[in-house]
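In the two complexes that follow, chain A is the common piece, with chain B as its partner first and chain C second.
For the complex of A and B:
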């Protein structure tokens, strides 16, 4: 197989929010940049974000980035790095205003400023009461944002490679990153993008679970490529289960519904969140709400013939509010639950939604790995941002609206870091090593010649069911232990998947098989990291780490206040300390989380 | 709905092996958890992995899976299986009027070229204010029904004028986008945008057939937007 080499200053993999934001930075700096995306940019999954992007603009009431920082640290269950969190919360106003300047159609207040709504876990005055911090465009914020950023890139003449699938990371003997290999889907031809800076913005891998709000394309391609190239994945045991996926369909219903006044009810019609979070109620943090829902269902207070969902009720809201602020939700409820949300409550269940962990980076978007000198040594030429990266701002649990903020802030800072590096110390391209394409060629050769192999579809289902059963909302020591064995079994099938269709032109069977190679790395990383973490924290709650007076909520700060680093090589785990020291303010001290 | 057999008649073409396109009959069993046409297509692909189609969000917001379903353009992820009568074959073809790359996958180059031709970005040359530019709720409401477009191309590929002149006529999706910027109080390029459309083909080839309105999966109305641009053109001359 022939591999054609193309040279660029920078290559960005992924054209969702983070990739497009980074691309604006590089294109406007005049660098020769290639943006690779396996789908047309506006089809990226950022498009499905609904409720808003957090920024302490204070348009409706007093707000402060420091309060936002406090909420984010608390939301992360203190696993987030406080330097990165301060950086993100401080930058929020700047990046949201930039978006407005790009033309994003935010909803407006009567005084003409950007409309803001309350969201789970966002409070004023260090946890006192809910605050309106989420900047929204109806319930289509992600769509409006992604289109506005694509449009800005059109203006900046960014060079896109649409429907190109990145396959593997290229590293030389010194560990420097020199680009990626990729396949043009329309022709099936292979290329290498040789670059001084490689930025991964490939999104999450929510498709490792059976029930997921995520798009088909969320297959963890960046995480898989990084893992195969020896880069560890950080905090992969932490997955967010969004409280309100449509029961059965998995489609997301924004937390903005509860921000606008929606209420969760059990089979008795009770507003059960009052018992679990007396202060924030339905607007408690997502992990808290999801666990409350599963507890209600497990204790027999679920709704429907099988008592396996709860109800999200907005029938008490004025119809004008629903049609103005939540038109998309009205549409989704009709389409995927068959209910008219103006009149009937929507059946919902906690559904896999977001990957808190990912490729380890610092707050400049530079990928960092443990080395001889420090636990955070920069990998030259490699950057990551958005859901595929772990900065880490979300720690053990992400707050709603912080994902869109994450991709803006770190997309921009990864872009800036790459520009600075190239402008301040200009260097020619490092030479590609002789084995630059070997991994890619081996994978493709294996797939093209596999006989009596495993079905891609069935193997993927096996993986998804295993993850769902063994690493769900609540986790059990024995199930996790079995889960590790099972997922390693599934991995063996992934190594022998077979496609019947061997053609070249737009072969989506081949694409799906190659995506599964990435998904399985994430699935194994998740299960192994989760089995090993013997405490409860944020979204990771185990039966053998219960709430006790010595360890409230089962959190064990003495032994487990640290980031997991999973290496593909022998499923090795290392740990690194959490950065508790912010950039300028005082550390937000450890305490029990309560909403 | 319990288990049910669905019959399909699908447009197939793989330039690697097929001398010309053909229609393939194929059946698939679906169950109660399969609600939408896309769910059935995913099962079909598990049966025959050579069937190629685009898909991503499966909730009608990314615009990937536009196709021609029983003669009408729509998104597979929003087409409810319960609306297809039992026993009746479902005919699937690629979106009409664009070159086919393979099976249900069309080459959308021409469609996006037209979208790009209207300068689909905000133009405002004032110095950037420190805070957001102000816009009243009423001014913002003018963008409703315009900004929600998902670029699925169902409309443009249902438009006879676009079929005949895909290189000259902007098409409903592109014109909707043009009006989205004209209608935005923050945009300063209305005249330039109208100049850009002042041409026998680009705008005026719309004959208000309104196929675009009928097929739009987001319930948008490109014809209305086109009418408003035409009005502005006329008023500009008077």
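For the complex of A and C:
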């Protein structure tokens, strides 16, 4: 198979929020920048982000980045790196105002400033009471953001390669990253993008779960490519389950609904969050709300014939508020739950939503791995940002509206780091090694010649069901242990998937098989990391980690205040310490996370 | 199905991969329920719809809006289904 080589200063994989933000930085610096995307950029999953982007602008009431930082550290259950968290919260106002200057149509107050609304876990004065910190564009924040950044990229001459699937990372013998291999779907032809900087912004891999709010494109392509190239994946046991997915469909009801006054009720009509989080109530952190909902269901206070969901009630809100502030919610409830949300509550369950872990980076967006000199040695030429990366700002649990902030701040930061590297020490492209394309060619050859193999569709379902059953919102030691064996069995099937259609041009069956290669890496990393972490922390909640005075809510800081690093070779785990020292302020000291 | 038709169909299937899960679910149901061949007119209508922005397409398929072009009504009706996922 022929591989055509194309040279760029930078190649970015993924054209969602993080990829587009990084591309602006590179293209505006005059660097030749390619962006590869499976779908048209404005059809990336960032479009689905409804709630807003967090920034302590203080437009409606007093706010401060330090309070935002405190909330983020607390939300992360102290697993987030405090240097990266300080960096992100401090940069928030800057990146939001930049976005406004790109033409982002934020909702506004009567005085013309950006309208801000409250969101779960965001508090004023170090956890005192909810604060209005989320900047939104109705319920189309992500969509508006992508459009503003795409236009900016067009102006800056970013070169887009749309409907291209990146296949593998290219590294040389020294471990430097020199680009990616990719397939043009239109022709089925293979290319290598030879670059001085490679930035992964491929989003999450929420499709490893059966019940997920993620669109079908979220197949963890960056994580899969990184894992195959020997890069570890960090903290993959931490997946956020959104409290309010429509029961049975997975479609997300934004947290903004509760921000605007929506209330969760059990079968008795009780506002049960008052018992679990007396201060924040329905606006408590996502995992706290998810846990409360599942407890209600497990204790027999769920709703419906099988008592397997709870209700999200907005019937007390004025219809004009619902239609103005939350216009999409009425239709979602109608289409996927069959209820008129103006008159009846919406059935909801916790559903897989967001990947906290990912490709390990520092706050500059540079990919880091353990080495001989430090636990965070930079991989030359490799950067990652957004959901595919782990900076780590979300730690064990992400706060709502911090994801759009993450992709803006670290997309920009990764781009800036790549620009600095290229401008400060200009070098020619390193030569591609002789085996640069081997991994890709082997994978494609295997897939094209597989006989008596496994069905891609069935194998994917096996993976999703295994993850749902064995590593869901609540985790049990025996199920996790069995889960490791089961997911390794599924992995063997992934290694022998077969496609009937071998045609070259626009072969979506081949694309789906290659995507499954990526998903399974994430699934295995998740199961192995989750089984090994013998505590509860944030979104990783184990039944066998009891709540004791020494270990509140099962969190074991003595043994487990550390990041997991999963390596594909031999399913190996290593650990590295959490950065507790921020950049300029004092450490936010460990304490029990209570809302 | 000739190669030309196969490619057109595959491209439509790929363009049915959307940014929103809502649309993925609706489009998956469509592809699972459809016979092997779309006729040329249907394929053309689907191309028009899939060229839309996700939120706008969702407005149509959720019944919040009606298509500006009446010629698309047939395909929109085919894609719309009652609740029951």
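Please note the rule applied: the second predicted complex is superposed on the first by the 595 of 595 C-alpha atoms of A that agree within 3 Å, B and C clash if a C-alpha of one lies under 4 Å from a C-alpha of the other, contacts with A are read in each partner's own complex, and residues count from 1 in each chain.
As a working rule, a residue touches a chain if its C-beta (ideal position, glycine included) is under 8 Å from a C-beta of that chain, and two chains touch if they have at least 3 such contacts.
This structure is a prediction, so every number in the text was calculated from the model and none was measured.
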item: Which of chain B and chain C A:114 touches, first, second, both or neither; value: first
item: First (chain B), second (chain C), both or neither touched by A:294; value: neither
item: Which of chain B and chain C A:334 touches, first, second, both or neither; value: second
item: Contacts of A:457 with chain B and chain C, given as first, second, both or neither; value: first
item: Partner with the higher number of touched chain A residues, chain C or chain B; value: B
item: First (chain B), second (chain C), both or neither touched by A:490; value: neither
item: Chain B versus chain C as contact partner of A:154, first or second or both or neither; value: first
item: First, second, both or neither for A:199, with chain B first and chain C second; value: neither
item: On chain A, positions contacted by chain B and by chain C; value: 39, 42-45, 47-48, 140, 143, 215-217, 248-249, 251-252, 328, 331-332, 335-336, 503, 505-508
item: Interface residues, chain A side, partner chain B - complex; value: 39-40, 42-45, 47-48, 97, 100-103, 105-114, 137, 140, 143-144, 147, 151-152, 154-155, 186, 215-217, 248-249, 251-252, 328, 331-332, 335-336, 455-458, 499-501, 503-509, 512
item: Complex contacts: residues of chain A adjacent to chain C; value: 38-39, 42-48, 140, 143, 163, 185, 212-217, 246, 248-252, 328, 331-332, 334-338, 503, 505-508, 511
item: Chain C residues within the chain A interface of the complex; value: 3, 6-7, 10-11, 13-14, 17-22, 24-25, 28, 53-55, 58-59, 62-64, 82-85
item: In the complex with chain A, residue positions of chain B that touch it; value: 14-17, 33, 35, 45-46, 48-50, 52-64, 78, 80, 101-103, 105, 108, 112, 116, 119-122, 124, 128, 130-137, 139-140, 143, 147-148, 150-151, 181, 184, 186-187
